[in-house]
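You will see two complexes here that share subunit A, one where it goes with subunit B and one where it goes with subunit C.
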Partner chain A sequence: MIIRKEGSLLPQNPPDTLASKPLSTPKISFPRRPAGTLYRGREGMWSWVMHRITGVAIYFFLLVHILDTSLVRLSPESYNAVISSYKTPIMGLGEIALVAAIGLHALNGLRIILIDFWSVGTKHQRLMFYIVIGLWIVLLAGFVPRQLMHIFGGAA
Partner chain B sequence: MSTIEAPRSPLKPARRRRGINVEKWGWIYMRASGVVLVVLIFGHLFVNLVAGAGVKAIDFAFVAGKLADPFWVVWDTLLLWLALLHGANGMRTIVNDYANNRMVRRLMLGAIALSTIALITLGTLVIYTFDPCPAGSPANLLPSFCPVR
Partner chain C sequence: MSNAVMENSPAVPAEIATFTATLILRRFDPDKDAEPYWQDFDVVMQGTDRVLDALHKIKWEQDGSLSFRRSCAHGVCGSDAMRINGKNRLACKTLIKDLDISKPIYIEAIKGLPLEKDLIVNMDPFLESFKAVNPFLMAGSVPKDGKERKQSPIERARYDDTTKCILCAACTSSCPVFWTDGQYFGPAAIVNAHRFIFDSRDEGSQVRLDILNDKEGVWRCRTTFNCTDACPRGIEVTKAIAEVKQAILRGKS
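Take a look at the complex of A and B:
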């Protein structure tokens, strides 16, 4: 819109407002949750959570395991008495849980080292997570049947 | 002529830290010991749980037979030191993450340090003062290489 004012032509409004106004304000949609990052929400976070849980569990087993093994210094009888509790069916299943925890912690630990030191480690961290899970299943597929044979198989 | 301080200067200049960077070496230790522990622990698990009759074969004679061999003495010593320090440093990280009370944090870090020193001392003494053929023990509990008394 141009009006005549004191003999010269002057635009009444700044040029960026000359275009027709939008009928309504465009809506900006915010994501309901923060987007996933290497350490939030997806494989990266869950591998971190599992690494902590398995790490603490293995640590407390290690404390007990050093103490029970130290009984070999006391007497053969006391060591044999305590170690026999590791041979019961419940503890045999506990050993499966222990090996599962150690396997996950070890494989994911190697994945962490590759993320830190391998030039394309961060790029492939998600793929490496699934490789960890795959190798872990292979490890347990080898160990669990063998352990079940040992604890429920009868023959010593 | 007076000099004007650079903008965003901290109130106190950052103290130049001298000596070793404990956090950096802790970080490196977790990775270095981790790689070695993968080999040591899977070897330990295989020999004790998978090979032969598995966990049911473990008794005093089994352990004495292993600890009479320098190979397993070195293996178990490395396992003890590397694993316990790895675990203790991991627990230290977790306590630093979650203990938001100053006193609780110091108590927990102290407990971790004390238990680590106690168990490493105990374990090392057990490995290096161990007698596979203790006098006065029944022969059927001892390894087969023990002299008949």
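Take a look at the complex of A and C:
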């Protein structure tokens, strides 16, 4: 529609309103995650992450373990002191973590061997992952209560 | 009376249901920005619209500076692999309605390759490792009668899966090993090597197996299966890699 205004023809709407308006003015988000989102991998990726973490943890345990056992040659007294410090409840809980880590690493290691060497291994990797988790839970269900009794139940 | 009028009037097509989706894009312009940042857009979409349509709508109607690659728009050319809600997908094969639209949709460039602008990465390192595996038929002899090289359907089926690759880089850029070690050949190069290694007409498979027996070759694969989940062509990528590993250990079968 055109209206006459002081003798000149003017469009009723200023030109910048002729184009349709964007639905919302783009707004800039505060950098919630400027580094990008976490990749949403599935069972395979998480089994790899757990395998790596438990692997590194077991490596450091072995390092310490080699050091403390080699103490026995240097000085049996300090060896005894160190070993008796392992009998505290904190170390008992640490043993649970150690068994959990080794159990997971071992079972998942078997899964990886099957993926690499069994012709249909790659097809069943997801199922095998849940079998690994299942066996791991059974293992912990057998070990953890006894260990807790051992730590907190006094003489056993 | 009024009913009769209604019946005779031309049928008005039912209005197509629309919904509003929020997209959060990871933007980066090397001329202006020191760091990538996230930007929100609201777009009205229909059930048949794909993520690529949403990106087009944003580029055409809201912000023309948005940059992304696409060509065929039908999952053939492999231009528009991107990370959609944290997973590598082709924008042209991902329907918006299949995503959870009650939440914003996060879209960013694929990971592990140098970011150039917005959703565009530099594909050169990816294509270099593709080239490095000799992705062409290597034959030392002239075919019988100077005609075609014959192949039975069974021989053809042996490597059928890996012929489907469109070099979109969704697999390679989903691989945690590739993110931390850009030297790794990556799943796509191994898939394309597999395509020729198991081709009965090819005579260069030992060359390729030697290339992939490298420190940065197949042994870098940690079987995370991210590549198999990401491949838009449904190629069993990890299986192909496992077969190449076996071929290196035991010879081709």
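As a convention for this text, the second predicted complex is superposed on the first by the 115 of 156 C-alpha atoms of A that agree within 3 Å, B and C clash if a C-alpha of one lies under 4 Å from a C-alpha of the other, contacts with A are read in each partner's own complex, and residues count from 1 in each chain.
We adopt the following convention: contacts are C-beta pairs under 8 Å (C-beta built on N, C-alpha and C of every residue); 3 or more make two chains touch, one makes a residue touch a chain.
For clarity, every value in this text was computed on a predicted model and none was experimentally measured.
Determine, under the contact definition given at the top, whether A:80 touches first (subunit B), second (subunit C), both, or neither.
A:80 sits against subunit B, while subunit C stays out of touch.
Between subunit B (first) and subunit C (second), which does A:125 come into contact with in this model arrangement: first, second, both, or neither?
second
Please indicate which partner A:62 is in contact with in the superposed arrangement: first for subunit B, second for subunit C, both, or neither.
first
Using the touch definition from the top, say if A:116 reaches subunit B (first), subunit C (second), both or neither.
The answer is both, since A:116 touches subunit B and subunit C.
Please indicate which partner A:41 is in contact with in the superposed arrangement: first for subunit B, second for subunit C, both, or neither.
second
Residue overlap on subunit A between the subunit B contact set and the subunit C contact set?
Subunit A residues touching both partners: 112, 116-117.
Mind pulling up the subunit C residues that touch subunit A in the complex?
Listed in rising order, the residues are 20, 24, 26, 35-44, 61-63, 83, 85-87, 106, 108, 111, 174, 176, 222-226, 228-229, 236, 238-239, 242, 245-246.
Would you mind writing out the residues of subunit A in touch with subunit B in their complex?
Of all residues in subunit A, those touching subunit B are 52, 55-56, 58-59, 62-63, 66-67, 69-70, 72-73, 75-77, 79-80, 83, 86-87, 92, 95, 99, 102, 106, 109-110, 112-113, 116-117, 143, 146-147, 150-151, 155-156.
Touching residues of subunit A toward subunit C in the complex: what are they?
20, 22-24, 26-29, 31-34, 36-45, 47-48, 112, 115-117, 121-123, 125
Show which residues of subunit B lie in contact with subunit A when the two form their complex.
Per the stated touch rule, the residues are 31, 34-35, 37-38, 41-42, 45, 49-50, 53-61, 63-64, 67, 80, 83-84, 87-88, 90-91, 94, 115, 119, 122-123, 125-126, 129-130, 134, 137-138, 141-142.
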